[in-house]
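Only one structure is covered here, and it is reproduced in the block below.
Residue numbering begins at 1 within each chain, and the chains themselves are lettered A, B, C and D in the order written.
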Amino acid sequence: MNPEPTIQMPAQWSTIAPEVDYMYYFIYWVSVVFTIGIFGSMGWFMWKYRRRPGVKAKPTGHNFGLEIFWTFTPLLLLAYLFHAGFQGYLHGTVVPDDHVEIRVRGMQWNWEFEHPGGVIDTYNELKVPVNKPVQLIMSSNDVLHSFYVPLFRVKRDVVPGMYTSLWFEATHTTGEVTGCTQDAQCGEGQSCYYGNCIAQCQQDSDCWEAIGEGSWCGGQVGDETRICALPVFCAEYCGAGSGITRSAFDDPDGSGRNTNHSTMMADLRIISQEGYDRFLEVGPPPPAECATTDATCEGEECKACWGQSLYQSSGCSACHSSDGSPGPAPTWQGLWENQRTFMNGAEPAVADRNYIRESILNPQARIVEGFGNVAMPAYRLSDNQIDAIIAYIQTLSE
Amino acid sequence: MADAHAHAEHGDDYYVHAHITPARTYVLVLATLLFLTFLTVLAYNVHLGDWNLFVAVLIATIKASIVGTWFMHLKYEQRFNLIFFLGSLFFVIIFLGYTVNDTEHRGRQGTLTGVRVDPATGKRAFGSGSVLQAEGEFIRLPPLPGEAGQAGQEGEADRDGEVPEPEAAGAAAEDGAAPTAAGEPAEAGDSEAPTAGEAAAEAGASPTAPAEAGEEASGATEGTEGTEATEGAEATEGE
Amino acid sequence: MTVEAATAVPSDASHEAGDNYLTHERGLKSWLITLDHKRIGILYLASVLLAFLLGGVFAILVRTELMFKGQTLMEADTYNQMFTLHGAIMVFLFIIPSIPAALGNFILPIQLGAKDVAFPRLNLASFYIYMLGTVCLVVAIVVGEVNTGWTLYAPYSIGRNVTGAGSSVLWVTLGVFIAGFSSILTGVNFMATVHKMRAPGMHWKRLPLFIWGLYATAVIQVLATPVLAITLVLLFMEHTLSIGIFDPQLGGDPVLFQHFFWFYSHPAVYIMILPGMAVVNELIATFSHRKIFGYMFIAMSSITLALLSFLVWGHHMFASGMSEYATMVFSALTFLVAIPSGVKVFNWLATLYQGSISFASPMLYALGFIALFTIGGLTGLFLGTISTDIHLHDTYFVVAHFHYVMVGGTVFGFLGGLHYWWPKMVGKMYDEKLAKISWFLVFLGFNVTFFSQFIMGSQGMPRRYYDYLDQFQPLHMTSSGGAYILAVGFLIMAYMFYKSLRSGEKAPPNPWASAGYEWMTTSPPHPHNFEETPVITRGPYDYHLCTEEELWDGFPEDFPGEKAKA
Amino acid sequence: MAHAHHGPDYLAHHFDTPKQQYEAAKIGMWIFLAQEVLFFSGLFVAYFIFRKWYPEAWSVGSHLLNWKMGTLNTAVLLLSSFTAAMAVRAAQIGDQKGVPDKDKRKFGGQAWTGHFLLLTFVFAGAFMVVKYFEYTHKFHVGTLPGQYFGCANFECTGTMSEELVEELRAAIASAHHNAGPDLVPYHLRSFFGLYFVMTGLHGIHVLIGMGLIAWIWNKNRKGEFSAEYNTPVDNVALYWHLVDLVWIYLFPLLYLID
C-alpha cells in the first residue's frame, strides 16, 4: 500500500516526501561518485607510489589551471544543490489555501492538539484527515521542543513565546476506511476508530505488517487494545525531570511514559475526512476500559469511569482529593450539590452542573473560601469529558 | 627581525622609535571630543524621533574614530594592527546584520512562523510568560495614594509563590477599595468593553498554568503596535 | 640539511652539550611555574588526554546504555547527564585545546625557529585559566544534574519557572567561560608569535602549513570566543537575575540565544578541524617525501575557511523558527565552505601522486583523516541543503556527521600529530607494531560506531534519546559494538605510549627523514629549541633540495627503523 | 646573537631586539582589543534587536536614566583618556637630556608619567563614584532588570515604590515613543537587563583598568620606564582608551535615544 522504505529512508507518507527523497538520493549519488573518486585515487596512489628503495619522489610541480579547476567547478554543483534545496524548503513552508489549521502546544513532556472549533484532543494524540493539507501552528509553554514526523519528512522547532508552523498532506490513512461504528464491524484485530478500521497491535512489528514499516504501536501504554499510528517525536532536546517538577504532568498514567525528552512522543492517526469530521463533532474518545464503542459513552457507569480516568490523567488528583482528605484544593467527595461560599465577593452558590463546568473552564471565576493559595489552571475539555467528570463527582457523593 | 643586529653596533632596527605627538594636538583632540559630547546631548534635546538614535550613533562613531586615530595612535600604528582592529568591526557587522536578517524577517513568508503574536487573531503565542499574556505589552501604572477609584486591573499574580510579580497585585493587594477588580474575571468579563474585559479577566488566571491561561488577552499585541494595547487598556479603565 | 647559523656564538654557555628541556631543570615546581612553551605544551597534553579519557568514559557509558532497548545501565535522567558531560568535556576541554594548545604550543615556536612564544607568561597563565575552567566543570559534575546538552540552549538552561536545569548549569557556564579565555589568550599569543618571532629567512611563503592552520585557528579563537563569553555572561545573568534577554517568559527570545551560541560554536568547529588539517599537511608531506601540492592554495584555504566560518552559523538553525530570508542566506553561504575543504583534499591527493609513500603510523592517521573527512564533508552536503536538512536535523545523521568531522578529522589529526611528534617531545620511539594495531582498531571501531548512525539518522532516529523504537535495535547494537572496538584501540595505544616512556628506544633528531624545520633540532629539543638560531634558506617541504642521505636516513643520526625498511 | 645577556635589561630572553619585543607586545595588545570589541558586540546586537522590537520600552527606559550623570561620566572618561594619552607621551619622551626640540620635551619624563597616570586613576575613580550613585538610586527605587523590575532593593513586595511611579510617569510623559499616558512598557525589564549587564561589564573593565593603572604607576615610580622602553604604559593606555570607546557608544545608546 505504501511506498516501501529503503535502507536509507523511511516510507513516504506525505506529499512532500518524494521531493525530499529525490534531493537526498541526488546528493547521495553525487557523494558516492566523489567518494569512489577520492578513495580510488588515494588507494591507487598508495599502491603505486609506496616507498621502495631507490625510488625517489618526483618533485612537486605547479599546475595553476588544475587548482583553479577544482576550486571553482564544484560551485556549479553547489549552486544547484542550494537552489533545489531552498525550493523544497519553500514548498514545505508555504501552505496551500484549503488547509486545516491545528494548534499545537508543546509542554514538558506532552503534546496538546487543539482542533478547529476548540476541540482539544487527548494528550499526545493527533488526528488528521487524509489527502488534506494540515497546517500546524505551534508554540511551547516552557522549553524548546521540535515536532518531527520522519515519515512525513517534516520537522519544526516549537519555541516558547513564538509561533512556528509547518504543514503536510498525508497520502495514506493509518487504517482502512469502512464507515464502522463498532469494533465488531471491522475485521479481526482491528478497532473501529471514528469510522475507520485501524489495526490493533501489541508491538510495533504488528503495525509494520498492517500499515508499513516505520509505524508504531501507539496508544496509551497499559491499555488493553492499542492501535497503530505514526510516531511523532520531539527532536529538540527538552530535558529530563530532575529540576523543578510539575507533578501533575510528570506521570499521567503511571506507566513511565512522558517523564523525559525521549518519551515526548505522540501518536499520529491519519483518518478519513468523514472520520475527522466526526471527531470534531464528538471530541476525544473515552478510554478503552470504559467503553466499547468509539467516542460515545452511553450510560452513567461509562461516564463515571471516564471521569475517574480524566481525574487521574488530567492531573486533578494532584490537588483535589476524592476521599475527603484535605488538600490544596477542595475535595471532590460530597461536592455535588453542596453549598459553596466564595472568597472574592461572589454570592454563595450550589455546586451544580453549571458551577462545575465553570470551575473547569474558568477556575478563577469564583474561588472557594479558604483555597486562595493555589491557582488552578483552566482546562479545555470537550462537553463529553466535562459530563464525564460531573458523573464521576456525582458518584463520589453517593 | 632577528637578522639585522648580530653586532654590538645596533642599526635603526634595534630600538623602538615611537612617534611623539605634540601636547597641543592632544588638547585639541580633547576639546573636540568634549564639544561632540555637548553636541550629542544637544541633539538629544531636539526631538528627531528615530533619527535621534542615528545621530547619536553617528556622533559616537566620529568620537570613537578620533580617539582611535590620535589617542590610540592608530594613525602611526602598523598596518596589520589597524586592519585587524577595524576588521573586528566587520565581524560585528556580520553578527548584527545576519541576526537582524532573522529577527526582522520572521513571519514575512510563512506569516505564522516566528511571530510572537498571531497576526490574524491577535493571540500571543503560548509560553510568552503568563504575565505578559495577561497584561499585554503594557502595564498600567498603579495609582498614587489619594487617586481613589482607579483600581489597577492587574490580577493578583503570584499565588503559587514562584514568580514574584512586582507590580501586578500592587494596587490590588493594598487597594481595598476595589476588591472586585482584581482576580474577578467574571465581573470584568461582563463589563461593556468586551475585549478589554477579557484581557482583564484573564489577568486573574494562574501564571504557571500548563493550559493556556489568558491566551485571549486581547491587549497582548506586538510591541510596535502600541495603539491597540492602549485602546484596550483605556477601555478597561472606563468600566 | 642546509641549516646555517648566523654566528657561531653558543646560545647559552651554562648549557651543557646534550642538555634538553626535560633535563634542564628538575622537580615538580620547575614544571608548575615553567615559562617554556614546550613544557607548557606537555602540561596541556597531559590535561587534554585526561579530559579525553573522561569524555571517553562518558561516551562508553552512553553507548552501553543504548545497546539495548529500555533501561540497560542507568536512569533516563542520568543518561541525559552523561551525554551532556560527554559533549561538554570533549568539546571544551579536549578537542578545542588538543591540537592548538598541546601540540601547537610545543611545535609552533620550534617550527618558527623562535626561542619561545611571544608571551610566555601569558602562555602559562592561559594554562592555569584552562585548569580553573576544568575545575569548575568538575564541580559541575560533582554537584550534579547538568543535563542541558552541551549546547546549553535557552530557555531550558535558564531553569526558571519550567522544568529546567538546576544551578549546576552555572558551574558549567562559569567553567566554559573561563576555559574560553584560555583559548583566546592562546590565540593572541600564537598570532603575535607568528607575526613577530619568525626565524631569519622565514618569510610567509616558507611558513609550514601547520602554522598557517594554527594561525587561521587563532584568528577564529580571538574573534569568536569572546562572543561565547558574552553569551554565557548573559545566560548566567538570566539564570540568576532573570534579565529578560533569552527568557520568553520575560519577553526575551530563545532563538536569539541560538544565534549567539552558534556565532561562536560554528567557528569553533573550525577551531577544531583546521588544526587537524594543519597536522595532516605535515604528515602527508613528510611521509610522501614530497612538497605539498598547491602550497599557497592550502594556506589560503585555511584562511578562507576561518573567515567563511563566521558567515554560516545559521545552518544549525534551519528548523528553529528562523526567518526564511535568513535560512536562504545561510544555506547559500554554507555551500561555500565545501570549496576550501575540497581544495585541501584534492591537493593532498595530488601530493601523494608520484610521491614515495611510507605507511608509518602517523601516515596511517593522515590517510585515515582524508578518508573520514571526505565522508564527513560529503554528508555535510545533505545538511546544507535545506529540504533534506529539515528531515535530518537533530537526528543521528547529524551526530554521525559531526563525529566524522571531529573524531575522524580532529582526533585523527591529533593522534597522527601525537605519534609524529612523540619522538621529538619525549626523545623516545614507540612500538610501531602496536601503533599500527591500535590504528586499525580505532579506524575500524570508529567506522562501525558511526556509519551505522548515518542509517539510523536518515531513518528518523532523533538524537539525545534514551530509548528508541524496535526497528533501531540492530543498528544501535552495532554502533555500541563499534564503540567497544574503539575503546580497545585506545587502550592499546595508551599502553603503547606508556611502554615507550618506560623503555622506548632513544629517538634520533629526525626519525621520519622529514624536511620540516622542527626536526633540525635535537630530540628532545634544547631548552631554547635550537642551539643556535637557525637561518632558513628553503621551504619546509623542499624535499628536492634535501640530499639523498637525508631523505633515506634522516639526519644527522641514523634511525634504525626506517633504515631497516629501506 | 642577541640573547638576554646581550641586550638591555628589559629585553626578555626570547626576543632578539627591543623593537621586536615592542612590536610583538603591540600586536598582541591590538589583537586583544579586537577580542574586546567582539566581547561587547553581543550586547550591542541584543540591544539593537530589542530596540527594534520594543521601541517604547527603550524610549521610556532611556528617560528613566539620568542623562546628566551620564554626560558627566562621559566628560570624566574623556578626560581620563586624555591624561592616559599624555602619560604615554611623557613616558615616550623619557628623561633623556639634550633633546633639542623644547616642545617635545614639555610634560615629558618619569615624573610627568606618574602625574598623568595618577590623574587617570582619579578620573576613573570619579567615574565609578558617579556610577555608584546611579546604581544605588536604581536599587533604591527599583528600576531593576527582569523579574526584579519594580522591586526596590531586590525585595519583591508586589508594590512599586512611589518614587518609581513618579519617575515612570515623568519618563513616559517625555519619551518620544510611548503607548499613552500611564502605560508602562512591559519590556522595560529587558532594557534594564541590558542596561545593567552593559554598564556592569563596562564597570568591571574600568575597575580592571584602575588596577592596571595603579600597577603601571608603581612600576613607573620605581623607574622601570624610559624613552626606550615604555611598552606597558602604552598598552595599558590602549586598554584604557578601549574602555573609553565602549562608553562613547554606551552613553548615547542608553541615555540619549529619546
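To be clear about the criterion, contacts are C-beta pairs under 8 Å (C-beta built on N, C-alpha and C of every residue); 3 or more make two chains touch, one makes a residue touch a chain.
Predicted model only: the values in this text are computed from it and were never measured.
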Winner on C-beta contact pairs when B-C is weighed against B-D: B-D
Centre distance in Å when subunit B and subunit C are each reduced to the mean of their C-alpha atoms: 39
Whole-Å gap separating subunit B and subunit D, where each centre is the average of the chain's CA atoms: 21
Whole-Å separation of chain centres (CA-atom averages), subunit C against subunit D: 36
Junction residues of subunit C, two or more chains touched: 6-7, 161, 195-196, 223, 227, 247-253, 255-256, 259, 321, 324, 533
Of all residues in subunit B, the ones touching two or more other chains: 1-2, 6, 80, 88, 91, 95, 99, 103-104, 106-107, 109-110, 113-114, 127-129, 131-132, 163, 208
Of all residues in subunit A, the ones touching two or more other chains: 90, 93, 141-142, 156, 159-162, 164, 246
All pairs of touching chains, each written as two labels joined by a dash: A-B, A-C, B-C, B-D, C-D
Residue numbers on subunit C that touch subunit B, as the complex places them: 6-7, 161, 195-196, 198-201, 223, 227, 247-251, 253, 255-256, 259, 263, 310-311, 313-314, 321-326, 329-330, 533, 535
Of all residues in subunit B, those that touch subunit D in their complex: 1-2, 4-6, 10, 13-16, 18, 20-24, 26-27, 29-30, 33-34, 37, 40-41, 43-44, 47-50, 52-53, 56-57, 59-60, 63-64, 67-68, 70-72, 77-78, 80-81, 84-85, 87-89, 91-92, 95-96, 99-100, 103-104, 131-132, 135-142, 144-145, 157-158, 163-170, 173-174, 223-224, 226-227, 229-230, 233-234
For the subunit A and subunit C complex, residues of the former touching the latter: 5, 7-10, 19-20, 23-24, 27-28, 30-31, 34-35, 38-39, 41-42, 45-46, 49-53, 55-60, 63, 66-67, 70-72, 74-75, 78-79, 81-82, 84-93, 108, 141-144, 146, 148, 150-151, 153-157, 159-162, 164, 203-205, 208, 213-214, 216, 231, 233-246, 259-263
Subunit B-facing residues of subunit A, complex: 90, 93-95, 105, 107, 135, 137, 139-142, 156, 159-165, 246, 248-249, 315, 344-346, 362-367, 372-380
Residue numbers on subunit B that touch subunit C, as the complex places them: 1-3, 6, 80, 88, 91, 94-95, 98-99, 101-110, 113-114, 127-132, 162-163, 208
